[in-house]
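Below, each structure is written out as C-alpha cells.
Below, chain A partners chain B and then partners chain C, in two separate complexes.
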Partner chain A sequence: MMTNPGNRLTQGQFSFLPDLTDTQITAQIKYALSRGMAISVEYTDDPHPRNTYWEMFGMPMFDLRDPAGILMEINNCRKSFPNHYIRVMAFDSTQGWETPRMSFIVNRPKKEPGFGLVRQEVEGRRIQYTIHSYATDKPESDRY
Partner chain B sequence: MATQTVKGKERYKSGVIPYKQMGYWDPDYAPKDTDIITLFRITPQPGVDPDEAAAAVAGESSTATWTVVWTDRLTACDLYRAKAFRVDPVPNTGAGTKTEPQYFAYIAYDIDLFEPGSIANLTASIIGNVFGFKAVKALRLEDMRIPVAYLKTFQGPATGIVVERERLDKFGRPLLGATTKPKLGLSGRNYGRVVYEALKGGLDFVKDDENINSQPFMHWRDRFLYCIDAVNRASAATGEVKGHYLNVTAGTMEDMYERADFAKALGSVIVMIDLVIGYTAIQSMAKWARKNDMILHLHRAGNSTYSRQKNHGMNFRVICKWMRMAGVDHIHAGTVVGKLEGDPLMIKGFYDTLRESRTPQSLENGLFFDQDWASLNKVMPVASGGIHAGQMHQLIHYLGEDVILQFGGGTIGHPMGIQAGATANRVALEAMILARNEGRDYFKEGPQILEAAAKTCTPLKAALETWKDISFNYESTDTADFVPTATPSA
Partner chain C sequence: MNTTEKPSAGSDTLSDNALVDLAAEFKNSRIQEVLDKLDRELIGLVPVKTRIREIAALLLVDRLRKQFALTSETPTLHMSFTGNPGTGKTTVALRMAEILHRLGYVREGHLIAVTRDDLVGQYIGHTAPKTKEVIKKAMGGVLFVDEAYYLYKPENERDYGQESIEILLQIMENNRDDLVVILAGYKDKMDRFFSSNPGMRSRIAHHVDFPDYSPSELMAIAKLMLGGQNYRFSPDGEQAFAEYIPLRMKLGNFANARSIRNALDRARLRQANRLFASKTQHLTKVDLMTLEAEDIMVSRVFQDNGPETKTSDTK
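Here is the complex of A and B:
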C-alpha cells in the first residue's frame, strides 16, 4: 500500500480530494468544452510517473460537445477496466499551447501497490535511482 | 533656444551644441517595425528642458559624446543616432503635486545598433553610461518594445511552460513549491529531510534559496546527493514526478557548469541560478539547459536594488522581457498578497509579459507597447514570499494557473509538520481549482471553499487556523501612472 498522505497515486489535478462524483466530473467536462478543448479518456495498469502513454479509450472526442455523452464514454471505460487507472485529459489546440491543459484521475484499482525505489550504488557517493512500479511485476492485463 | 536640428557643415563644427540640435530629437520620426523602442522616465535637473534631457538620453545611449566629433561623418550617423520622438509629462508629477516634474521619453534605436542574441550588448547601450548622466537627476527605464526581428536572434526559454508541464505530467493547476528553511546552516542530510517531507506531502518542487551555494556548513555535492535521494524517495512514494531546484550559482562559469553537469548526472529535472550571476552567464546557462533537457529556474536576487523605486533604475517588467529573451524557464515575479512588493495591476503586467504570445499596450498594467513575442517559449512565473493556504483563492484569482506557488514558511512552519503543511497547500489548491472550473465565484467564496475542504483535511484546518489573520497590507511603491477612468454614460 502507498504510504503518502491519502495512500494513493497523486497524479492529476484532483487526487488530493475525495473521488469526484459524476456531477463533479460533468462540471469539469463543461469547463473544458467551454474553452474549446477536446476530451480524451485514457487507462493504464502501469502508472509509473514517467509512463506518458496510457492506452487511449478511443480517440480524443474532438467533435463530441455534449457533456453527458462524454461522461458515458468515461463510464464505458470504467466498465471495461474497473480495476485500472483511468484519467480524463483535455487537449488545447490553440497556437502556443497545443498540449494537454487538464488531466485528472476518475478511476483507480481497489488496491494501489505503489512503487519501490531501486538504488544502484555507483562511483563515489552517487546512487542511480530506478522507480519500480510493483504492479508491473505481473504481466500486462494481469496486474490488479 | 533654437530647437531645429543643425544640419550640414554647421553641425560638425568643433564645439558643443545641444543634443536636441545634434539630431537626437525628432518629433516627426515614425519608428520602424524593426526599431527597438524604449520608454524612459526622466527627472531633468532643474532648468533643463525635458526635450533636451530626452535627446541627451537618446544621445548618450547611442552614438553621442559630449562634444561634436567630425568622425561621425565617416558613418551612416543619421541611422545610428537614437531618436527621442515623444516626450509626455508623467501624470501626477510637477506643479501642484508633491513630486518634481517627470517626463516619459520615447526613444527609437535602429536594430543595427545591437548585436544579435546578446542581452549584454543590448543593455550596455540602453542602461550603460546614461544612468549616471548629470543632466538628468534621476532616470528609470520603464519599458521596451523589442522588434520581432531582434527577438528571433534569441533562443528564449530553454524549456517553456508547455514542455515543462509535459515533462512533469502536471496540467491544469498551479505547481506547488517551497524553499527550504532555514536557508542557511542545515547540513546536507538535514536539508534533504525537509525536501523529502515537503515533496511526499504533496508539493511538486522544493527549492534552494538564493544564497545556498557551497558554504562551510554544506558543500554543494552533499546537498545535491541528499536532495536527489529525497526527490526520488518522494517520487516513489507518490507516483508523481518531483523536483528540487539545485542552485548551481557559483563564482565562475566553470564551477557552474560542473555543478549543473553533476545535477544532470544525478537525474535532476531542474537547476537554478541567481540573477546576480549576470546576463551573459544566464544566457550561457539557458543554452546549457536547452542542450541538457533541464528546466532552468531563476531567482531574481538583487533586482529590488534597482527596480523598486519609481524615479530611478528600471522597472521589473523590463527584467521580465530580458529574461524571457535570455532563456530562463522560471522567474520570481511577485505574489500580490505576500510579504514582498507588488501592486496587483503591475504584477499582471509582469505575468502577461512572461506568459502571453502577444501583449497589447495596457497602460494600467504598465505595458506601454504592443509586444509580439515571436513564438518565444513562455516563462513560468513564480510567486514566493509570505503566502499561505488561506490565500489560495486570491492567488489563483490574481496569478492564474500557470504559476508556481511557493509556500516556504507556509509549508515548513505548519504546526503538524512539513508533510502536513504540504498536504494542506495541495488540498487547498485542488479544491480551489475544482471550484473555479465549476464556475463558482471562488474569489468571493474562497474562505467557504477552504473551510469545506478542511472538513476532510485536518492539516488544512490547522493551516487556516494558524495563519488566518496574516496579511501584508502595505502600500506599493511601484504603481501605475495611469488609472482606468470610467466613461460616464450619457
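Here is the complex of A and C:
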C-alpha cells in the first residue's frame, strides 16, 4: 500500500499542502512578527521525525518588523543548501521562556526517498519496530 | 490603499485617455497632515522642507503612473543629511520614515538609528553578521547611519569598516524596495567620505544640507520647546534670552537647537531654585510656568565675555 505517494516529508505546518510560495511564506512570517515572535531558519539532511534539532542557519532573528530580512536569509540558505530540508521556526516568549509556536518547511530535496519500516525480532519472537530514513544510508552531503 | 474598482475584468490598467485625480490622491495619502506637522514643529529648515515636498510629489506621481501601468524603476530614495550639530538631522530622519510610510514607499515606517559601533565588528568574521542583523531590523523602514564617515578609516587598510560599507552598498542597490538608508554627519567630513567612496555617492539620490539657524529662528525654537513643556518667558525673560542667543553662538561647541534646549533646561533649574529660595507661601500657576530674566542672566555666557571653553554643552 502506498500511503504517501512521492514520499513527501510531512512535518510541521502545511506539510500536506503543495509547497508554499514565497508570497505565502512572507504572509506566515508577517503573522509571526505581528505576534512578536523570534524567527529562525534551520536545515538538515537527516529528516528523521525524532531529529528535533536541525542545524541553525545563523542566529534566530529577534525584533524584526518586516519579513523581507527573513526571506533574504531563507534564500541565502536555499543557495547554500539547495537540496536539503529547510524549515522556518517561530518562537513565542510571552510566557517567559521560548516556545516553538510555528514550524514549516520552505525547501525540500528534489527526490525524497522517504522512510522504511524496520522490524527487529527480539526475545520471545517479539517485534520491535523503528523507522529508518533511506537517505541516511549514504554519508552526509551525498544524501540527496 | 485606494485602487479604484473597475468592472473590466482582467487587468487593472487604466485606458490611455482615462483621467486620474492628483488632488484626490494627495488627499488620500494624508500627506498634508505630515507636512503641516513638519511646518508647525520644525522652525526654519526651508531647503529641507522643500526637498521633502519634492520627494512626496515624486512618489505621488509615481503612484498615478502605476495606474496606467507606466512602469519605471522604483525611485532611489537613499539620502545623505549634512549639517552642523543640533541642526535637526536626526529629528527630520524620524519624520522622513513616517512620510515615506504614508506614501507607501516603506512598509512599516520605523527608524533604526546606528553608528559605526553597531555595524562594525571587533574581529574577522564579526562584521558581516553584525551589519546584516542591523539591516534586517531596518527592513520595512529607514536605516539611519549617524556620522557615517567613521565607517571608513583610510589610515588602516585592514579596517573592518570597509566590509560594512560593501554590504551596505549591495543592499542599497538590491533591496531598494525593502529599506531606505540615510547617512548623516558634518558636511566636510561627509564630502571626504563620499569622495573616497564613489559607490556610496552614486547610490544616494538626495543630498540634503541642513543650514545653521539664525538667532531669530533659535528664538522661535526656544519658544516652541518651552510651549511643549508648559513654560514661557516673561517679557523681560524673552528679552534676556534674545541677548543670550548671539553671545552663546559665539562660543565654541555651539550646537544650534541642542544648545538652546540645554540652555532652557538650565533656566528651568534656576527658576526652580529661585522659587524655592523666595520661600513664598503662595505660588500661582503663572509663577510656576514663567522663566524670568534673572533665570537667564546668571548664565556664565553673560559673566565674562571672553570665549569660554569649558561649557559642557556639546551633547
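As a working rule, the second predicted complex is superposed on the first by the 132 of 144 C-alpha atoms of A that agree within 3 Å, B and C clash if a C-alpha of one lies under 4 Å from a C-alpha of the other, contacts with A are read in each partner's own complex, and residues count from 1 in each chain.
Here, a contact is a pair of C-beta atoms (placed from the backbone, for glycine too) under 8 Å apart; a residue touches a chain by one contact, two chains touch by 3 or more.
Everything quoted here is computed from the prediction, not taken from an experiment.
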Using the superposition on chain A, decide if chain B and chain C clash or fit.
-> fit
For A:G36, decide between first (touching chain B), second (touching chain C), both and neither.
-> neither
So, does A:L117 touch the first partner chain B, the second partner chain C, both, or neither?
-> first
Should A:Q13 be classified as contacting the first partner (chain B), the second (chain C), both, or neither?
-> first
Does chain C touch more residues of chain A than chain B does, or is it the other way round?
-> B
Is A:Q24 contacted by the first partner chain B, the second partner chain C, both or neither?
-> first
Given the touch rule stated above, what does A:R65 touch, chain B (first), chain C (second), both, or neither?
-> second
Answer with first, second, both or neither: which of chain B and chain C does A:P82 touch in the superposed model?
-> neither
Please state the minimum Cα-Cα separation between chain B and chain C in the superposed model, rounded to the nearest whole Å.
-> 16
Those residues of chain A which chain B touches in one complex and chain C touches in the other = none
Give every residue of chain A touching chain C within the complex, in rising order.
-> 58-59, 61, 63-66, 68-70, 72-73
The residues of chain C that touch chain A in their complex are 107-108, 110, 129, 133, 135-137, 139-141, 175, 177-179
Within the complex, which stretch of chain B touches chain A?
-> 162, 165-166, 169-173, 200-202, 221, 225, 228-229, 232-233, 235-241, 265-267, 357, 375, 378, 419-420, 423, 426-427, 430-431, 433-434, 437-439, 453, 456-457, 459
Note which residues of chain A are touching chain B in the complex, please.
-> 2-5, 9-11, 13-18, 24, 27-28, 30-31, 47-50, 52, 89-90, 95-104, 114-117, 125-129, 131-132
